[in-house]
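Next come two complexes, and both contain subunit A; in the first it sits with subunit B, in the second with subunit C.
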Partner chain A sequence: MNPGTLLLASAASFVASIVAGNRYARAWLTLTLTGVFAGLSAALIVLLGTTDWEWRSTLIVGGQLVFLRLDGLSALFLVLVSVVGGAGAVYAHEYWSEDDYPTSAPRGRMWWSGLVLSMGLVLTIVNGLHFLIAWESFAICAYFLITLDRQRRAVRAAGWLYLAASHAGTVALFAFFASLAARTGSWELGPLRDHASLAPLFWLALFGFGVKAGVFPLHFWLPDAHANAPSHVSAVMSAVAIKMGIYGIVRFSGWLPMPAAAGWVVIALGATSALLGIAFAFAQDDVKRLLAYCSVENVGVIMIGLGGAMLAAAHGHASWGLLALSGALLHVWNHGAFKALLFFGAGSVLHATGTRTMSRLGGLWRTMPWTTGMFAIGAVAVSGLPPLNGFVSEWLVYLGLLDAVVSKGPAAWAAMPAIIMLAMAGALALASFTKAGALIFLGSPRTQAAAAAHESGRWMRLPMLTLAALCIALALVPVLFWPAVARAVNAWDTSWPPAAVPNSLTSIGRTQVALALAAVAATFLLLHKVRTNGLRRGLTWDCAYAAPTAHMQYSSGSFAGIVVGWFAWILRPQGIVRRPRGLLPLKAFRIGHNPETVLELVIGPVSRVIVQASRTASRLQHGNLQAYILYVIAALVALGSVAWLAGTP
Partner chain B sequence: MAGGYTVNDLIRLLLHVAWWLLLAPLLPGIINRVKSWVAGRRGPPILQLYFDLARLWKKSVVMSTLASPAFIAGPAVAWVAVVGAAMLVPLGPAGALLHFRGDVLLMLYLLALARFATAWAAMETGSAFEGMGAAREVSYAILAEAAMVAAMLSLSIETGTVSLTTMLAPSAGAGAVLLAAGLFTVLLAENCRVPFDDPNTHLELTMIHEVMVLDHSGPPLAVILHGASVKLLLFSVLLVQAVLPMGELSPTAAPGVLLVGVFTVAVGVGLVESFLARFSFRRVPLLLTTAFLLCIFAVLVAWKGGAA
Partner chain C sequence: MNISVNLLVGFAMGLNLIALGSNRLPSLIRAMSVQGVLLGIIPLLMEKELDWRVALVALATAIGKGVVIPGLLRRAMRAASIEREVDPFIGFVPSLLLGAAGTVAAVALAQGLPLLPEHAGSLLVPGALASVLTGFILLVGRSKAISQVCGYLILENGIYLFGLLLIKTTPLLVEAGVLLDVTVGVFVIGIIVDHIQRAFDSLDTRKLTALRE
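This part shows the complex of A and B:
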């Protein structure tokens, strides 16, 4: 079928689902899933075929002809939007149901459809003005989704911060698209690599899209927004919405001529985001904040790959640039799959216990075996460990960078630090997810709420199972997904030759299958051996202490303590300590808090200065007519003297 | 790996597996023998670990009431990961069982998978001590990982390749001493030897790796101990091949040289343990950072060496 027909059907279903969402939950779900499948099929047809889809209509919006295009790159992102858009809709059907949230559930459904639709438009529109309209509607839909539960103060604050940050980025994008239109004489977008004078505009795009992508240090809005949103919204925000920022950066780094420093800046931003993002993640005690900071890390991984590709393009090394970029783009999919899975898992925990604080959880594997299993799969994947999918894309990025080092060009000096920082970020991710998985699911329950948890229903389990299956498929047969990624890479730089599947990727795929089988077999053999030898249950060994309690278990702060100390220069941990006093101390505690450093140390003070200045200026506005007349006269005199001074030779 | 398999391939496979799985438990025996020799004791038999493994394999298991089946799965997965990593490491001119471009990263990440599985199993018990051990293990690993990657980078630059078989074939050149010192320090840290960890201590508070496996018993403990010995052998083989031009030796001499090299490393570990006390935990990051810097200098030397 023609991708155009499918996209039209998809858009129509989404418009219908916005209307239906207000009343009819089942109809909304059906329509949304129809739209998602239609969009997914269109994207796959373009990705696996050889031709792009274009539609130049005679329809005029805002004085501009509507012009849509779906090429390899936008189709790759459309696949992600469709998959997570559909999975989240199914999840929300139970998680944010009418029974629990009678007023906000209908609103949530409508904004969800709006969000998915506008993200689809962002990906297909190739006109600057229309792009801005779609971009803004995407930001607004996301805002209303984040603030669904607006009775809570923290939610409103997070939503407001998101809106403000998002618009700061949009201002830069307005400037970007307007200057682009002014210099090329048309709002239409497309490859403009031969207009060398456009190169500086890339910095505007990098800032505007970087805010949305959550690149360090523009990520300051992200942890609050992603943690306080309902979990299905957090999933779509973290897995998909920030990728729209990535899409923008990838798109325009492919279309525009690049300033000489662009590749270096992007790879440096990526390496910083990766290492610091995950250091912040490790310090968190709120599981959803941890996941949000981890998204900053993964955006960093993608940016490292993209930066490597930009350097390769600048210095004419197609072979390793191709590997780095395909790693980055595959990571877009991989991160989408496992991050949505992890947020759904965290949502199930929140649903069952009412808390996101890991130090109040524990021992959930007994009552929530499905969620535990799914979260564990997500944890292995996000830590970039074989045999799951996170490893495959990180490995491709690594391989691209290693080839850059071995070829000993100038790009090696960017690639070497990036490799080392990526390795450290990987080890930190492992630490963070050991901590998250262990504190939430293992050991004994630390509170009553954790002890009384219950497994979530099938509407929440189904999307988790689907995403976990996707993670496993991406991990075990990466060769299957290579053509799609290669096509997207080809859309980024058409001068690079179409890439065949690298032999080493085939080997990685086979090795991953062998490893997975061996791990499963070894587990079963050992379990069998233990059963035949005899198994006795006993108390955990606690240095011969016979009555350990749940509160003696390691907590979040203690687990991360060593690393928080290393990164104290940027994490700025705060804590209130009351040490045990006297011979028979009754009370002692330590309350730790890890602030968002950029927000509290940079954005906060700067905004306070701005607010203070505006307050001072507003004193001029007091309603006193005589004083206003005085202002008018003063202004006239000032203008007159300027004109007079300018007029005299 | 493609194509038909011959009897020679089968023999090669068996020899590799035998080297890694059967030889590995000898190493802790050698280390203990060196320690007892320096201290003037008789010490346990060199084959003690083999006896221990056989004994543990037959025993029944005591498991914490809090632990899930993943408590047993953890050691199994960790063992598979370490042995999988070993299959990627070449044995002199015999090469590795499996090699492809970028396999060095798979090896590093398989060792990380083993760490994840071990830490996960440790956290199953809900014990504060095992939490402490897991936290230390995953934290210090960040620095060890940086040092390992830097070491591998220097080998890549030196040889201009990104596969372990070709990276380890020649000697590390001018940076060999730096690389050897760096890798030896990482070996001590990653294999929980003095001065990072004390495998013989009886105080849980001072342990890293050993405290993570406190609650394990019977066959799972045997699997853990065997996996640890394979990991020690892996690091020793890596160290020997990074320094010596193993790939350039004749196929008859190479196994002997490799054996002597590994034996030397084990004796070295034993001597370090005999003459050095465990460092306080505050100094562990410092030592690992030193190892990292040594490897970074090896990278720079390799870079300059190639340019000259």
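This part shows the complex of A and C:
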């Protein structure tokens, strides 16, 4: 079938599902899944074929002809939108059902369809004006999804912050597309590498898309929005929506000429995001905030790969640039799969216990075995450990950077520190997810709510299983996914030779399979041993204390304490401590809080100054008619004197 | 011809000062209406041979500004049964001083403007500027809505004086349109005055600050 027909069918079913979503949950789900499958097939046809799909219609919107295109790069992202869009819809069917949320469930369904549809449009539109329209409607759909549970104050605050940050980015994009159109004479987008004068516009695009992608200093809206949104929305935001920012950066770094410093800046931003993102993640006590900060880290990994590729393109080293970029693009898929899986897991825990605070959970593996298993798979993947998929893409990025170091070009100076920071980020990611997994699922329940948890139903388990299977597939047979990634890389830089499957990828696939088999075998061996010998249960050694309680387990703060100390210069942990005093101390406590440093130390004070200035200015607007007329006279006199002065030579 | 026109404009400038100095609404309205009639006569004196269209404009202006608008204002004043005091923001003496200074400034400014030679000796331009300034002073310095309407009308008189410079080239329709605008404006303000009175039990525009956000 032709991709155009499929995309049309997909768009039609999404429009229909927006209409149906208000009333009919089942019909909405069916229509959404139809749309998702149609979109997915269109993307796969383009990715696995050799030709791009283009549709230049005679339809005019806003004075511009509608022009759609699906090439390798946009198809790669469209696959992600479709997979997570479908999985989240199934998940929401139980997680945000009519029974629990009678008013917001229908709204949630409609905005969900709107979100997936507008993201699809963002990916296919190749006209600057229409891109902005689609981009804005995507941001607004996301806003309404984040604030589905708007009775809660924190949710509303997070929604406003998201909306404000998102629009700050959109302003930059308006400037970007408008100046692009002014300089090229057309709103139509496409490869413009030979217009050297367009290079500075890249900075505008980097800022505008960087806000959406959550690159380090621009990530300040992300933890609040992703933590306070309903979990299926957090999943689509973290796994897909921020990738739209990545898409923008990748797309326009491929189409526009690059300023000389672009590659260096992107790789530096990526390395900073990776390291600081995961440092912030490690310090969190809220599992969804942890996952959100971890997204900042993963965006950093992708940016490192992209920055490496940009350096390679600038200095003519196609081979390692290709590796770095394909690692980055594969990581887009990988992160989409495991982050959605993790957010679904966290949502499952939230659904069962009513809390996101890890220090109130514990011991859930007994009551929620499925969720535990799925979360474990996601955690191993996100930590970049073999034999799961996070390792594959990060390894490709590493390989690209290592080749850059070996080639001893100027890029080595960027690649070397990036490798070190990536490695540190990887170690901290492992620590973060050890903490999250251990606090939530292992040990014994810290509160009544955690003890009374229950496993989630099949509508929530099914998407988790699908995503976990996808993670395993991406991990064990990465060769299968290579053609798609190679095609996307080729769409980024057409001058690079079409790449065969790199040997490293083949060998890493084999190693992963071997490791996975070994792990499965070890598990079976262990189970067998346990069955035959039986388990001996005993208390954890507790210094012979007579009355151990669940609260004596590691808490989030104690687990992360040392690392938080290393990063105290940026994390700025705050806490109230009351130490035990005297021989028989009665009360002692420590309340810790890890603020969002960029938000509270930079954005906060700056916006307070702006608010103060606006307040002062608003005193001019007091409602006194006479004074208003005086303003008019003053303005007239001022204008008159300007004209007078300008008139006299 | 210029002498009689200048005489009338001079009268109008004097009426500006009377309007600034009057402490009761009826006298303010009267000053304004007399000024309107005077201005209505001016076009008749400017032309050597009388064109019937110019005569029509003059007649309409005189009736509109001298009879209809003041009548509307008096009716509004009665209907809203407001006190007759002007209740100034800027006191009468400061208003008069400002008005006088404004008149002097207007004459000085008119000297500096690049005018056509035929208008150079005329008082039309200084009179226009002085009336505009007086209108502004009344608008800013008085708190009752009716006195502000008067201020607005005097301001409009100034603009009309300015327009007389171009009477040969301005089509009749524009003149008539301006007059109609003013009448409708006053009519609307009459209604608004009534509503302000009902809502606030007073015509003091200072109380409108309660409406701001």
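In this section, the second predicted complex is superposed on the first by the 636 of 649 C-alpha atoms of A that agree within 3 Å, B and C clash if a C-alpha of one lies under 4 Å from a C-alpha of the other, contacts with A are read in each partner's own complex, and residues count from 1 in each chain.
Rule of thumb we're sticking to: a contact is a pair of C-beta atoms (placed from the backbone, for glycine too) under 8 Å apart; a residue touches a chain by one contact, two chains touch by 3 or more.
Remember, it's a predicted structure, so these values are computed and weren't measured experimentally.
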Overlay on subunit A: subunit C relative to subunit B, clash or fit: fit
First (subunit B), second (subunit C), both or neither touched by A:Gly538: first
Partner chain in contact with A:Ala423 - subunit B first, subunit C second, else both or neither: first
In the superposition, subunit B vs subunit C on subunit A residues touched: B
Partner chain(s) touched by A:Leu625 [first = subunit B, second = subunit C, both, neither]: second
Subunit B versus subunit C as contact partner of A:Thr434, first or second or both or neither: first
Subunit B versus subunit C as contact partner of A:Ala452, first or second or both or neither: neither
Subunit B versus subunit C as contact partner of A:Asp403, first or second or both or neither: first
Cα-centre angle that subunit B and subunit C span when viewed from subunit A, reported as a multiple of 10 degrees: 150
Which superposed partner A:Leu527 touches (first subunit B, second subunit C, both, neither): first
Partner chain in contact with A:Ala261 - subunit B first, subunit C second, else both or neither: neither
First, second, both or neither for A:Ser383, with subunit B first and subunit C second: first
Subunit B and subunit C, minimum CA distance [Å, superposed model]: 55
On subunit A, the residue positions that both subunit B and subunit C contact, one per complex: none
Touching residues on subunit C, where the partner in the complex is subunit A: 89, 136, 139-143, 148, 205-206, 208-212
Residue ranges of subunit A touching subunit C (in the complex, touch as defined): 621-627, 629-630, 633
Residue numbers on subunit A that touch subunit B, as the complex places them: 362-363, 365-366, 372, 376, 380, 383-386, 391, 395, 398-399, 402-403, 405-406, 408, 416, 419-420, 423-424, 426-428, 430-431, 433-435, 437-438, 442-444, 502-504, 507-508, 510-511, 515, 518-519, 522-523, 525-527, 529-530, 533-543, 548, 550, 552-554, 558-563, 566
Complex contacts: residues of subunit B adjacent to subunit A: 1, 57-66, 68-70, 72-73, 75-77, 79-81, 84, 98, 100-103, 105-106, 108-110, 112-113, 115-116, 119-120, 123-129, 131-132, 134-136, 138-146, 148-150, 153, 156-157, 160-162, 204, 214-215, 218-220, 223, 285, 299, 303, 306-307
